[in-house]
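Naming follows writing order (A, B, C, D, E and F), and every chain is counted from residue 1.
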Amino acid sequence: MNHDIVTIGEAMLRLWVPTGERLETAPSFRVAVAGSEANVAMAASRMGARTAWVSSLPDNALGRRAAREVAQHGVDVDHISWSDEGRMGLYFIELSGPPRPVAALYDREHSSMASMSSSDVEWPVLESARIVHISGITPALSDSARSLSIDVVRRSRAAGAMVSIDVNYRRKLWEPDECAKTIAVMAEYADLLITSTEDARDVFGFDGTPEAMLRDLQGLAGTSRVVLTAGADGAFWLDGLESGSAAGYVAETVDRIGAGDAFAAGTLVGLLDGDLSGGVERGTAMAALKLGIYGDQLSVTREEVDRVIEGHSREVSR
Amino acid sequence: MNHDIVTIGEAMLRLWVPTGERLETAPSFRVAVAGSEANVAMAASRMGARTAWVSSLPDNALGRRAAREVAQHGVDVDHISWSDEGRMGLYFIELSGPPRPVAALYDREHSSMASMSSSDVEWPVLESARIVHISGITPALSDSARSLSIDVVRRSRAAGAMVSIDVNYRRKLWEPDECAKTIAVMAEYADLLITSTEDARDVFGFDGTPEAMLRDLQGLAGTSRVVLTAGADGAFWLDGLESGSAAGYVAETVDRIGAGDAFAAGTLVGLLDGDLSGGVERGTAMAALKLGIYGDQLSVTREEVDRVIEGHSREVSR
Amino acid sequence: MNHDIVTIGEAMLRLWVPTGERLETAPSFRVAVAGSEANVAMAASRMGARTAWVSSLPDNALGRRAAREVAQHGVDVDHISWSDEGRMGLYFIELSGPPRPVAALYDREHSSMASMSSSDVEWPVLESARIVHISGITPALSDSARSLSIDVVRRSRAAGAMVSIDVNYRRKLWEPDECAKTIAVMAEYADLLITSTEDARDVFGFDGTPEAMLRDLQGLAGTSRVVLTAGADGAFWLDGLESGSAAGYVAETVDRIGAGDAFAAGTLVGLLDGDLSGGVERGTAMAALKLGIYGDQLSVTREEVDRVIEGHSREVSR
Amino acid sequence: MNHDIVTIGEAMLRLWVPTGERLETAPSFRVAVAGSEANVAMAASRMGARTAWVSSLPDNALGRRAAREVAQHGVDVDHISWSDEGRMGLYFIELSGPPRPVAALYDREHSSMASMSSSDVEWPVLESARIVHISGITPALSDSARSLSIDVVRRSRAAGAMVSIDVNYRRKLWEPDECAKTIAVMAEYADLLITSTEDARDVFGFDGTPEAMLRDLQGLAGTSRVVLTAGADGAFWLDGLESGSAAGYVAETVDRIGAGDAFAAGTLVGLLDGDLSGGVERGTAMAALKLGIYGDQLSVTREEVDRVIEGHSREVSR
Amino acid sequence: MNHDIVTIGEAMLRLWVPTGERLETAPSFRVAVAGSEANVAMAASRMGARTAWVSSLPDNALGRRAAREVAQHGVDVDHISWSDEGRMGLYFIELSGPPRPVAALYDREHSSMASMSSSDVEWPVLESARIVHISGITPALSDSARSLSIDVVRRSRAAGAMVSIDVNYRRKLWEPDECAKTIAVMAEYADLLITSTEDARDVFGFDGTPEAMLRDLQGLAGTSRVVLTAGADGAFWLDGLESGSAAGYVAETVDRIGAGDAFAAGTLVGLLDGDLSGGVERGTAMAALKLGIYGDQLSVTREEVDRVIEGHSREVSR
Amino acid sequence: MNHDIVTIGEAMLRLWVPTGERLETAPSFRVAVAGSEANVAMAASRMGARTAWVSSLPDNALGRRAAREVAQHGVDVDHISWSDEGRMGLYFIELSGPPRPVAALYDREHSSMASMSSSDVEWPVLESARIVHISGITPALSDSARSLSIDVVRRSRAAGAMVSIDVNYRRKLWEPDECAKTIAVMAEYADLLITSTEDARDVFGFDGTPEAMLRDLQGLAGTSRVVLTAGADGAFWLDGLESGSAAGYVAETVDRIGAGDAFAAGTLVGLLDGDLSGGVERGTAMAALKLGIYGDQLSVTREEVDRVIEGHSREVSR
């Protein structure tokens, strides 16, 4: 089977507590699976795309848990590299509201994915995909992951796949300038570059209006297709000279983690249809829906997204 | 014992997940009992009214659960028709906030109540009541339930009980015009007709100001006593030529299901006292309190409602 | 992809409470997915077999939940018939110990599967399988399901698949003699017939030693390959003139539901390898492991089963 | 309505943790309602008897919780004395297995019930009952409760009700000789006296065979009807010169609290039918069922008890 | 070891349900430990102060739970008076939002602390402290606790400790004028007096601007150092002629209980550093953080408080 | 303060699921703190000993959690080395019964403790202790931990502390012969050597009767004081030529992890009193109590242990 979208990156077990509880004192941690690229694959699969997720996992109960949870959303997990070395990456999350930020405590060093190298990848899976998607987290994991990431975008592009990159800066993993430099290299092969306004400013030093930022990003990428997310203010896109935006939604937030990945998935699904504008619009609705759902994954149906876009009105559907 | 208020209608098991969780993935469902008329009986009982609830339930653990939970709030459940046929109606609820509507997945077909007929009813219980209350959900359940519903209002009125009808339109059960037609027949026997602004518009095609809608409703019912709810905007009433309204409350919402039933109960309690205005005021406070409590039932005391009406001020009572 | 094992049958949502709690009073029900043939597919998939599960599910959150949960264990769910009619079958379980039996309250009437007919089946999936497995529950669901079941075994056998039948008598669904008659018809096409000692006695009226029962079963089936389970006493098999048995295990029981399906899966995996004796041995270990795990599914690895068969000794592995 | 059985005594909120957890460290306590006489009323109600429970409760959320939970099982709670003074009695329970005993930490001093006096009782409810039941816990609560208890048995007997007393010695409340003396006074008015072998020995100093103990008890009571429970060994009875016993059951235990009350309820139901032997048999089955259910209450149906008595065999009923 | 801050007061077990649940119906209560002075000690300890908490506790599982939970936050609990008499104080809390107030149901009468007298106190612990802190709850508990409270402030002041008093009026414990009179006596020995605007108005009858209230308070206390809290509006202070204020924070509230204690702890930590202004600023941030954490305790690190004061910006820290 | 017992070793967060659940599928993991030497310190503290626990922990929420949980049981945690490097060790546990072993999945590599070296230790704390206790897990963590462990026993012995070693072999950490060699070196400095029968056989190759094993152990250690545990069969000891044993208990098991540490703590408490025989007896009772409590810690009081030793009889204490 050829895939519409293949993503590559690390999955972690997310051990978390809801708003009001603390990691230091909670009697139990809820368990989920997370990872930017896996999230994108799952959300895109739920929109109807044929997706695969490529990664390296330890061959133990935690690694199996990750693979099975991703598979559950319809993603092909048959191309994972199972490793006897390395551990399952973990991260601990306390959901919260202002004035306390949502705090992530990463424990992902020495993970199987951090030591994955190009020789562990089933390249035909990526090379036959319509879109290959990767985030800026993967090159930040380790030196070998950085080489792997560059290989991924280079070989995928060479094989004819469209390449999508989401900057997704993580300051607990690397410095802004390291990120900027690496993304610059990878963006040479990109057909689509997505970033948040925050990252555009903190990593690349861009500022000004969204339009200005988009033009700056266009200068960076090997493509003229760039997308800028602005949280509750929606998203903005530039495709060559064409541009547009999608308005944000009023949304009740229980868990903001994963909203960016939901957005990326929607955008990619639009890209598959040759409709970046529609993709950005869909992504914006998906990000808004994600805020109301616990966990990194956007567990919704395509119909639910459509209804949000169309703006149905009753507060209770019965 | 004669009852102040007797209600008749279906109870369902409500299997639900709180905001942020999904029916597709939650590890467990919380269990409650629900049903518009049962809710009204429970809430009215908590306000001090002597109430009974008439229904048909399957003779199994789920049916027993429903009866016992209703009994717990002080409602007389000795007049339920226990059936060897039919199943317990179920509904699955995901609480949520915008942009995702609260979604109800009904699984109530083939329920014991759907096949209840007039011969299963202990008529003296209804005929000796001061008020008999029914919602527009009951006639929507099945053909036999429609006949039963019309019998209920006709025979109760004939016996001297006041008849109260809450339109409560459910578009997953029937079409607006079917609802409108049936309510029109039933309203001939009504002493009180309650509806939401949304239903007044969607079912009857009324629009304009609340006052205009109330006058249109008056034209429909066999009585001049009509009440219109408007969510956070409060409620409006018309009794012959007299009219009035009750302001809504600022309320923190965790579960909006059942607010309409809480309102109806308050209104009926006012009606018992010959004070429709006070009832609408009480109902508005009860609906606001319901928003902050999980489950369809308004598990409060009369004192708590009084305090809301009086507007006590400290955020913490200690 | 050709499958090693394809199973066909209903899945239900299992709403359950652990030992000590009651359906009448528990504040929440845990949710799992169950169904004899789906269980067999999941357990066999975990042993390394390429499996698919064929069924009909309602196109709603509950149906999606069932499909995703089965997919999670590696089973191909792409050949499910999604139905706009029919509901999701449910069953409610109270786990318990003596003197109270584990009680199942079925609410599976009017399910999508009950109205599935031969025209809803993707026959090539079954016809290209190495083994097609069905239980005696499927023909008990409805008249159409009975026709479908007979079609399944007839067409699969005709296409060259091995046919496996597990009697799995459910007295809440049909009478013993109806079951006996239908199984007799289906067994004409069987390459393997599995039954418990209890069912052999209650449905077919067999008694005496396991060996005598096996010979009687051999007379019934279109194959000489018959297997008899005896709970804690292990299992017995007869293949032509060859015979053997596997000893049961001392096992701490938390949830006995699904042990028979785990056994069947192990036996089928043996059959794939042309090793019925090894399969029965594996199935016996799998059934013992199932007793110690909540839910209908045997969520174990092949290595864990191997270790039980080999009899490792430390109570704590660290 | 005349009642079959009226019981009088304290209810407490039971705050508890399951086996393996400790009161000192558990993150939450489960909440139930308990109290020997309330338990008897609930269990008897479930067997079909018309029951009422008389008590005094504080007029707050905890008191209301107690009344509603008792009502839920079909018991008439309209004759409770609601008090502005006194608190809700509490007790904290850690379930456990050997070598650690199930430990009860009582916090019941200053409860509303402890200060209930004869003037707070609606005597006609007791005087019109067929059976009035009280345990030895009630007179142990306070001096006023002791007077009240003696009044209860005296006035009930005088009015023609049968009086039943369950010794139920609690060493955390009083000394054995105080208990013995008080029970001796109360037993003058008893038609039935129930005690455990342990209490017969520790409180009254009886020993020897069950038969010998029963004869000694007969000497104590104002009636010749005495019953002795012996845990897993069943129960023994003596009625004038007639005697008999009921064998105990093999039972999986999750919560042994309340088994004695379940037994008493079964015995009383037999007494209602003029069949002490059948009552003791029923009580023994009810006590065995209680062991497998969390909470003080025996939440079962009469049919479930009948099935245990008849000895149905399948471990799973489906 | 000499302590920076020693507090004295009652601890209670807090049995609570989150917003949306009710004490009357919730299946379980969460368990925490609470008590104004204990809360202050815990929060101050987390800010780095060496603290001790002095109290009287019953020598049972509940008392031990209280001591251990306080110890967990680094507070010295070696100077608690363990009592064989008296019970553990309890309070039951329903968190909630408008229009329903957070309701506290106290069950603290007859507690060990209520009967603590001066002879039960290890005076050297208080006398060697830099600050001794007490709230207006302690003198409200009982007559002996009132004497004890006055002794505490008198002897501590005499020994050279700074004395801090938080008015903390509880109308369920005493009348405003009793409180006013007692605080007036205690304030003679105070180096710091803290009160809320609400209490300043309800207890002392002060009104007008915060500045006016502070001046009135100054007239009351034996010190010129007074602090006034104003909820979301922040806090105000007056130290001799110097004055200042700290702005409140926008905060998502899940549990407002304990915010005042968190504020007091921050203020005391500032006082230790001779920086009342900085203490009020820290206290305001700590109170805001408390609103987003379940339980009476402020389970945060000093770094988290610093980050709030400095105003870091990203909503998610990763 | 001088300590009675100081232990040194790693603590881990224990993320666990109860019997019947699986790490692969459980929706949440319960969280506890564990580590052999920390467990011993906590259990000994609960018996009244003044204890400290020395370790290295990462300075984050997980490390703080560990320290606070240990402190809660009265252990002095002021001598922990807080590290900016290294992670919190984790282990994942599935409780279970036969035929499935309790499986521990360790994720403790790269922990702060694994890189602790002698220069991180506050030696005076160990040197002033009456007993210093360490298990064979600590030297197995890393090369530096092995050096540290040998330093610990050498320097403590030299300073006059009694040295206690519990072999505690973990085959997931090292090979039997490595363990044997290291223990042989450390045992030169030991005043007490504890091992299980299993480890005596698997690590040292000893067999025969307990007495024979004890004599072989005596040959190994620098002391004549050796103790051998035999699970449900109790424990055996040899002190010079004196010897004895303690019978095991019938115990209901919910969590067997930590029973060995509970035993060691009891033995050490006996050693403090110069009563090895009494210590072994106490340890045996403590191990039996641990089996019935979730978590690695023995959360009991000294009185509860005494009651088990004395053999009180009622199953319910009330």
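In the analysis below, a contact is a pair of C-beta atoms (placed from the backbone, for glycine too) under 8 Å apart; a residue touches a chain by one contact, two chains touch by 3 or more.
Predicted, not measured: the structure shown is a model, and the values here were computed from it.
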| message | Validating interface symmetry: for the copies chain D and chain F, is the fraction of residue numbers used by both over half? Same or different. | response | different
| said: If I average the CA coordinates per chain, which chain comes out farthest from chain D? | reply: A
| request: Would you mind checking which chain's C-alpha centre is most distant from the centre of chain C? | output: E
| said: Can you work out the whole-Å distance between the CA centroids of chain A and chain C? | reply: 39
| query | Per the centroid of Cα atoms for each chain, what is the distance between chain A and chain F, given in Å? | reply | 44
| said: Rounded to a whole Å, what is the gap between the Cα centroids of chain C and chain E? | reply: 61
| message | Residues of chain C that contact two or more other chains, please. | response | 22, 24-25, 27, 64, 68
| Once bound in the complex, which stretches of chain B touch chain A? | 19-22, 24-25, 96-104, 106, 170-172, 198, 256-257
| Tell me, which parts of chain C touch chain F in their complex? | 18, 249-252, 254-255, 285, 288-289, 292-295, 299-300, 304, 308, 312, 314-318
| Can you list the chain D residues touching chain E in their complex? | 15, 22-31, 60-62, 64-65, 68, 87-88, 90, 92, 94, 105, 107, 109-110
| query | How about chain C: which of its residues touch chain A in the complex? | reply | 64, 68-69, 71-74, 301
